[in-house]
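Look for subunit A in each of the two complexes below; its partner is subunit B in the first and subunit C in the second.
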Partner chain A sequence: MATRRRLIAAVTFLAGLYYFLEFIVPPIIPWRTVQGEVVKVSSKAIVVRRTDGQIVSVPIRDNIIAYRKRPTGAPERVEPKSLHPGDQVSIGPTTYLSDWITDVNNFFVVLGAMAWGMGLMSLWMVHSANIRKRKEEWYGSVLFFVAVAIGVVAGLGYGAESGVLKRLNDVVVNDVLRPMGSTVFSLLAFYMASAAYRSFRLKSREAILMMGSAFIVMLGQIPIGLWLTHRLPEPLWLPVMSQWILYIANSAAVRGMWFGMMLGAIAVGLRFWLSLERGAFFGKEL
Partner chain B sequence: MNVLSRLQDIDRRWLYLALALSCLVPFLVTIRLPVYVSPETRSLYEAIDRCPKDKVILVDSAWDAGSLGENWGQVEVVFDHMLRKGIKFIVISLDITPLGPQFADKVISKLVKTKYPYRKYGVDWVNLGFTKGDWQAMQQIAKDIRRQFKRDSRGWSLDDAKHLPLMQRVHNIDDIYMIYSVTYSPMENWIPFVHGVYGTPIGFGCAGIQSTTYYRYILSKQLVGMLVGVRGAAEYDALLYPNVRERQSLGTQLIVPQAFGHTAIIVAVILGNVGYFAARKGERKVGTRR
Partner chain C sequence: MFIRDRYLVYAKILSTAVSSVNELTRIKPRNQEAAGRKTWTRTSKKHLLDYLLISWCNEHMEHANIQIFIATLLIAGLILHGIFTARRGGPLFIRRIPGLTEIDEAVGRATEMGRPVIFHPGTAEVQNIGTLSALGVLGHVARNCARLGTRLIVTTAIPVVVPVAEDIVKQAYQEEGRPELFDPEDIRFLAASADQLALATANLMEREKTASHFFFGSYDYTSLLLTEPGQRTGALQIAGTDQYFQVPFFIASCDYTVIGEELYAASAYLTREPTMLGSLVGQDRAKIVILAVIVLGSLGVTLGFGEWVSKIVGVYR
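And now, the complex of A and B:
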């Protein structure tokens, strides 16, 4: 058990270390980077005029990479031989970290996709146990398996031009999922109305301020707000006041909130990276 | 307890009925209300309108039935704009829901059938389907779109010039003018990983309740514009069709019921507070008598 925990911690650390290094370490070895304007391109070397005016010849080898500056200022990696005179470049030996980013990204994309499969497996185990042990409302678990089977078969029809599978796909997505999904989310409107009616009471100055800005923003979002105030000067139109609240007051508050949240996220991320968290996988810190 | 104080104890079923009726009436009676076009909608419209002929717009349409009421209208008006002007676009669905491509297909096919029968799949637009990956996928798409998508949603290879002529001139972020991400809560990673690195303009279409977190990006010009809920779709429709009788998008259809629904909630909150203060006044009078 301790070996497994240590293995998980080691893999977690290495994965995080790669992304951290790939972010902070430049793609080209800094003290051997040549920056400047391309003067001449040949099959064996790139001649660059550096920013201090010096002309340098960089031999083309397998470990040499080049970054050309786009018109927007962002760098793009190009083959050294595809450079042209006049290009602004940074050229030199690679640190190899960025070379692997595509493969590492692909690995994590696959890992993320596996999480979907794990979710399905987990549901399978729970619902099959319900049916096997005839737990309360076990027939719901039978319906779950029937729905999964129908969904899988219907999914095969996506992208088809015609046929039974396409018709099944259209029925499942347009006539079942779409109205059911919309219905479930529509229920929120009634819950919110009831909750707002019961809980929004003007019990303090802060509550009055919150209620006032909520009314202005709610009315500013709908045409009725403009209809009510369009005869007033434009700064007093409800949509205009609503925009001020959202752009100025709200943005300031959200920026402060997110700044704090991101600092917390960095702290939590560091704890996960260094496996300092206690939780489902770790009985104690390593 | 006086009559007014009972206003704070209205049975919730009456509230549900009032809300349902207030949202239903505009569907039965045609009511037209003026639409105020917000700055974020106008700037998104102008950004899309400026798209050069040799570039495409990437639309990340990652929504499904749950947020259909808000997101359908937001993609519908933008697709309408692009199909009308002949702006080529590519649809993807990144990470959130595998049903995204199908809903986007439904919106586009309805527009093509009713308004733009001369627009062809593969020539004017391509749907690459769903992919997973968050910021990793965004990086891949920016560097080389074929690293993330080998085939489109119909199974044709991206190098198939016969079925997908549009894709023969789209390889990486240099060929993409702008990215428009529409979902309940668009991923902010588009901003640091694409806009921050390549300078590509990003626009969002989001649910109204999520929009408050994105206004700060518009102020800092990291987002070029945003459509906020049903209101954003109705405003964009107003820019596309100055004549109100020509507007048919879902956003325009839903903005009036939404207006009545909001009004019903505001009236309910006011009634609740009237009842609350009446009850408090009654309690104080009773306390004085004692």
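And now, the complex of A and C:
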């Protein structure tokens, strides 16, 4: 058991170490990076004028990558041969870490796909037990299996251009699932109204403040808010006050929450990466 | 903040107020492009220093610049220092978090009523920090349920969560010496999408007449679809999420709500392990450092040292 925990801890550390290094280590080897303006592009080399005025020729090889600076300032990775004279560029040999990120991410996607079978197993176990033991509303479980069978057959028509299966797929997805999803989503409107009715009570000063700001923000979103206050000075217009509450007062509070959450996420990530998490995942010392 | 001290709370309020005032009063350059070009064309003799100091990563932080590297090491160092200091002993004070304190009460309520408990670990993938934190809370809830002999039902729309949750609950029942009470059919993958899961969970609440509901993790718009039907059944509901858009809905429809970083601290709070409590202390120290940077940076920009501050902090406009 201890060996199993240590193995899990070791694999977790190595996997996390890759992502950490991929973020921290620059994509191009720093001491061999050439930064500046592109002067000339040929099939064999890129000529760059560095920031100190020196002209450097960078031969194009398989391990050479280039980052071009967009007008907004953010970098974008480009093929060296697609550079143009005048581009602000950072070019040099790659550290390879970023080149593997797609493959590593795909690995985890494949692992996740394997787990879909477990979800189906869980559903199978529950519903087959319902039918076998004739529990209450067991016919619902029969309908479940019928629906799974229809869904699997309809899924065969996904991506097809014509035919019975494509028609079945269209009916199941567009004519059944999507309207049902919209119906469920529309329930939110009624649930929001009932939750607001139940919770918005003027019990304290803070509650009154919250009600008042909610009233201003909600009216500020609709035309009647402007209609009610358009004769007042502009700072007192409901839409203007609503924007101030949302983007000035509220943003300060949200930023405070974000700081805390981001630090908490870093702490949790560190605990998991170094296998220091105790409780559900690692019950005892390693 | 988890360590007390009203002065630290005041400093936090002050820093957010300063940043808001700074936001209101900052003067935007007329020509954003010119401002960016001016920063970029500043020359330096040392190429490595140029690369390190002049950040490429204005909008899309694909890779860290030197400032982020230093900040990462500093924050990680403070957290690790807190952990290793806590391991050496000595009591650590963590303020009370009502939502987490009432978890035991909620399980006890379900036991007295003879009804099961529902736990929902969020709608995000298992590698999401919120889901991982929620699974930590699940372990604690499962141990309580095992100790009191209460049935625990876990529902999820994420297939990968099923075996993880099953392992956690099974381990909890075994540790409490009640392995016979564990039923793998109570760990349920009910539907593939969050809204379908919400309806299925609501149906489960009505059918099984559950007494307590726990909603921990990352939630999307389906949060209210889960909690409102639960409110109608009269169950005691405790929710915790790191998605601040969903916090108001949980506050409106649940009895107790755990907000943001409190969810991440849940495992530490519930287990009271020195390692975990130490990380909370380290976290708060890192928060103080960030507050100091905000205050000093805002003062610096206000007093006209904007360029120096931008260069040191690594923000380029």
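Basically, the second predicted complex is superposed on the first by the 175 of 286 C-alpha atoms of A that agree within 3 Å, B and C clash if a C-alpha of one lies under 4 Å from a C-alpha of the other, contacts with A are read in each partner's own complex, and residues count from 1 in each chain.
Here is the rule we use: a residue touches a chain if its C-beta (ideal position, glycine included) is under 8 Å from a C-beta of that chain, and two chains touch if they have at least 3 such contacts.
As the structure is a computational prediction, the values presented were derived from the model and not from experiment.
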{"item": "Touching partner for A:R178 - first (subunit B), second (subunit C), both, neither", "value": "first"}
{"item": "Which of subunit B and subunit C A:S251 touches, first, second, both or neither", "value": "both"}
{"item": "Partner chain in contact with A:I224 - subunit B first, subunit C second, else both or neither", "value": "first"}
{"item": "Partner chain(s) touched by A:Y96 [first = subunit B, second = subunit C, both, neither]", "value": "neither"}
{"item": "Contacts of A:Y139 with subunit B and subunit C, given as first, second, both or neither", "value": "neither"}
{"item": "Partner chain(s) touched by A:T72 [first = subunit B, second = subunit C, both, neither]", "value": "both"}
{"item": "Which superposed partner A:F13 touches (first subunit B, second subunit C, both, neither)", "value": "neither"}
{"item": "Which of subunit B and subunit C A:P30 touches, first, second, both or neither", "value": "second"}
{"item": "Comparison of subunit B and subunit C by subunit A residues contacted", "value": "C"}
{"item": "Subunit C-contacting residues of subunit A that also contact subunit B", "value": "72-74, 108, 112, 181, 184-185, 192, 194, 196, 198, 251, 254-255, 258"}
{"item": "Residue numbers on subunit B that touch subunit A, as the complex places them", "value": "10, 12, 15-16, 19-20, 23, 33-36, 38-39, 64-69, 99, 101-102, 106, 129, 131-134, 136-137, 139-140, 143, 147, 153-155, 174, 197-199, 208, 211-213, 215-216, 218-219, 228-229, 231, 255-256, 258-259, 261-266, 268-269, 271-273, 276-277"}
{"item": "Complex interface listing, subunit C residues touching subunit A", "value": "1, 12, 16-17, 19-20, 23-24, 33, 36, 40-41, 43-45, 47-48, 50-52, 56-60, 62-64, 69, 72, 75-76, 79-80, 83, 125, 127, 129, 132-133, 135-136, 138-140, 158-160, 162-163, 168, 171-172, 175, 184-185, 187-190, 192-193, 195-196, 198-199, 207, 221, 224-225, 227-228, 231, 242, 244, 249, 251-253, 259-261, 263-265, 267, 270-271, 273, 275-276, 279-280, 282-283, 286-287, 290, 316"}
{"item": "In the complex with subunit C, residue positions of subunit A that touch it", "value": "22-27, 30-31, 33-35, 50-52, 67, 69, 71-75, 88, 90, 98, 108, 112, 115-120, 122-123, 125-126, 129, 136-137, 181, 184-185, 187-188, 191-192, 194-196, 198-199, 248-249, 251-261, 263-272, 274, 276-281, 283"}
{"item": "Subunit B contact footprint on subunit A (complex, rising order)", "value": "70, 72-74, 76, 101-102, 105-106, 108-109, 112-113, 158-159, 161, 169, 173-174, 177-182, 184-186, 189-190, 192-194, 196-198, 200-202, 211, 215, 218-219, 221-227, 230, 237, 239, 243, 246-247, 250-251, 254-255, 258"}
